[in-house]
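I have placed the structure first, in the form of structure tokens, so that the comments after it can refer back to it.
Residue numbering begins at 1 within each chain, and the chains themselves are lettered A, B, C and D in the order written.
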């Protein structure tokens, strides 16, 4: 690749539910990011958004609704369904193709208008088999957690440790939805939700409208002193029926390898300064750390206990509080990326890491027990 | 402009009311067909793009999960593109940009819909928000009737002439469909039958409207080196254009339809087309309604505004005319929404590679594919050529 | 200061007709007769349940039908006392991945026939590796839930 | 806030003939068709702008907002102009009369249709505004389509007719009737 793509600016809503009108929110965030980037709407090259019909207040063909509120009137644009990192990479592709100098990326999910995520994820099932026995994402995660404990000896204490760490981190994040100090005992006292998952181990349902401006190398440098560069990306999808898959040997290693290869990363634990992972269920953070090569298979619990993934550790994971603290289903991938961007820029406020951050990893997953994963690497 | 991108093969299912297969099995037919037609191994595919119209039409959300195996995507990078009715052509754009960006050399693109498993008009209603528009717009036919009326009144075209031109298109396309092995509705119609058919929403009558089809379309995009290496006849992507306008139906004019004009302009600009009627050899215009096809001829610059009816009646856009439009029978005869736009691209690619069989336009070198989506809100155009 | 703005209830109601196709049709009629049908792949030799028309790994068409064992081992399970959307019955309920003997994938179904309502007693009755067997409803209508649940083999 | 209360209305299996009208299938067996109907309840926030607009309707006022940049009056009122991409907070009470830009008589009914046919949906350019307002045209006999076609024309002047009882809903305007 001869050309580089830079992230110029980001704007996002906090995760707490509001009764703002949806289109007003999309407009405000799109306008905020364009103003911050100093790009007029007329100069926007292309607009790529991510949204998903069922997670969209009951409106089908999701991007019809917010097309013009999202700055795309008479623009060339497109939409990715389900995963907002897909929208990011699609915008990167469009810039790399040479057809566009700038792109506006949107992630849109107004959780407050939707029923519970478990209702909506139930519609991921096929009508003939998994729907009839009532599968949803939380059940899939519960099955995955039990296997994780049974096969690799992960303990409830370790799972609870993820909650304590991430919710503590979230206290310093103005965008976080769940803000409360919790102890291990609080986690143990939390109501059983879907045994072995307790309520507090499951992410909330949040709002999240986020916008990002990308630009090709020369322009990004003009627009900002501190562009953050796209370095690598990878995604991968697993098979459909839960029972056909090994829930602990999923597709994240594949996705990560693609991203690492593109970014030239050989030793992820050493070369990545911060990782923002998508852990809608607490135990998944440990499993994903293994998949990403931060530790050996089955060592995710020990990694957490060692403090390595804490804010002062050598591979801080989710200094923002992660998805456990804020979960706008479709846009959560872009939120992870935005956190990485702010860390690299040194603009993460209270949650800014003490060490120098040059390379950040953003991960997102959607589907039952991590059926689909996406990983993006960005850096200074 | 990025590096050259080629379409090196496609596969379509037979269309119809396909209650003989499940949704994934239907998609498998198209995907198997593209691998058989090209001889490419699924293992060599570097990325997969999937899409349907609104997932809830069939009641399954985020369908790429459900289709993971049949898309041959397990263990592979995947993208999921959806832009309402224009999903098909947006899928093709995703494949194009993926290759053009240099991030992949061989990308499989699959669009599908199983409309008979859902209720298309009920689903269309959910595209409209419940505060305002949902109470007034009666599915797709309502939208298009309003648009065609706005257009014909604006340009002072007599009602009888619009009817006659629309009837001509309907009779021709339903007849053309006999030469397309994958088409859904094939019918010998008389002008009287079309003129006197049941009114859906005036002036739209039964034979002015596309059917609900079940079907899928798969296509492979390749870089220049890969296309050469594989030795397949490429259809080169010469231009791409897409534009969208306001969600509120009443905010933009639909007669001189800016997003359609702009989409074509972008694509023509890339392809160096200055006189589309002369430069293009064949066009696969997205025509869910006969009246709208007429309007597109004008927005795409095939003729001046207000002229489409006259020229259609003269046969300018017929199979043997100056610029044949929809020799496949088009969307009017086959409409699996999430695949429809991709079908248009597939047909346009077959034409410039001389593989369109019985509905081949002899010597076609430059073709146009098009799709529309939203509440009359988006248009996308792709230009394909036999040469780079 | 902030006005409490209204919200509008928006009920999306959509009808669907799903084509089961030949494979699920045959699988369901198998259930009606009290058999669990799977299909085997001539290429990788794996047996899948429920039966499917193509191998999820090799993508070849499958037409070798087998009535699979109605017994197997629990691979993982989730227990809930809460009612959730789409739930086939009333809570408490256990959803489990079960590896039926002789098959090469896990079958997703319910576990029952044990003392429910208490997490600890459930945990002592059901473990990874617990042997379970299909219990059938008396009246079968060609539906996944013709199998009432899987119950521990005593 | 109320969480979505949702129910799966029915999930029944029925044997139905897979009739192939258009194409002869190789396999003419009867396959099962699973019939299902889903109902999912969402809850959409009005926010301040819709709230004010609908409160206006309660008082028989149709509000629009004027864009300070392009000077267009947008109706229904909204908080931003999507072309100029600026906020709009200049509220104007717009005329309740206007001209029909286009219209369609809907006689067919489909599942989940919010307004029962027959009805005329129309784009109406209210005097002094710059967008077309989507609403119904009524106050005329809808029983005979041919009469309707002779009566309703593009360019025709219409005015708002209000419901007796208002709920802060778009249907507080009963329809627009010919002047």
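Rule of thumb we're sticking to: a residue touches a chain if its C-beta (ideal position, glycine included) is under 8 Å from a C-beta of that chain, and two chains touch if they have at least 3 such contacts.
None of the values given here were measured: they were computed from a predicted structure.
Visitor: Which chains are in contact with both subunit A and subunit D?
Guide: B, C
Visitor: Just tell me the minimum hop count from subunit C to subunit D, counting one hop per pair of touching chains.
Guide: Contact-graph shortest path, subunit C to subunit D, evaluates to 1.
Visitor: Quick one: which chain's Cα centre is the longest way from subunit C's?
Guide: That would be chain D.
Visitor: Where the centres are mean C-alpha positions, what is the separation of subunit A from subunit B, in Å?
Guide: Here the centre of subunit B sits 33 Å away from the centre of subunit A.
Visitor: Measuring from the mean C-alpha position of subunit B to the mean C-alpha position of subunit C, what distance in angstrom results?
Guide: The answer is 39 Å.
Visitor: Return the distance between the CA-based centres of subunit B and subunit D, expressed in whole Å.
Guide: Chain centres of subunit B and subunit D, defined by C-alpha means, are spaced 27 Å apart.
Visitor: Give me the residues of subunit D that touch two or more other chains.
Guide: 1, 6, 18, 27, 31, 33-34, 36, 38, 40-48, 50, 82, 111-112
Visitor: Out of subunit B, which residues touch more than one other chain, so two or more?
Guide: 19-20, 22, 56-57, 59, 69, 74, 119, 122-123, 126, 129-131, 246, 251
Visitor: Where in subunit A do residues touch two or more of the other chains?
Guide: 19, 21, 23, 54, 57-58, 68-69, 73, 113, 115-116, 119-120, 123, 125, 127-128, 132, 239-240
Visitor: Subunit C touches which residues of subunit A in the complex?
Guide: For this pair, the touching residues of subunit A are 19, 21, 57-58, 113, 115-116, 118-119, 122, 125, 127-136, 138-139, 142-144, 146-147, 150-151, 192-197, 239-244, 247.
Visitor: Under the touch definition given earlier, write down the residues of subunit D that touch subunit C in their complex.
Guide: So the residues of subunit D in touch with subunit C come to 1, 6, 8-9, 13, 18, 27, 29-48, 50-51, 54, 111-112, 168.
Visitor: In their complex, what parts of subunit A are in touch with subunit B?
Guide: 1, 23, 52-54, 58-69, 72-83, 86, 89-90, 92-99, 120-121, 123-128, 233-240, 251, 254-255, 258, 366-368, 371-372
Visitor: If we count contacts the way the header does, which residues on subunit A are in touch with subunit D in the complex?
Guide: Its residues touching subunit D are 17-24, 27, 30-31, 34, 41, 54, 57-58, 68-69, 71, 73, 110, 112-116, 119-120, 123, 127-128, 132.
Visitor: Touching residues of subunit B toward subunit A in the complex: what are they?
Guide: 1-2, 22, 51, 53-57, 59-62, 64-69, 73-85, 90, 93-94, 97-98, 100-103, 123-124, 126-130, 240-247, 251, 258-259, 262, 266, 373-375, 377-378
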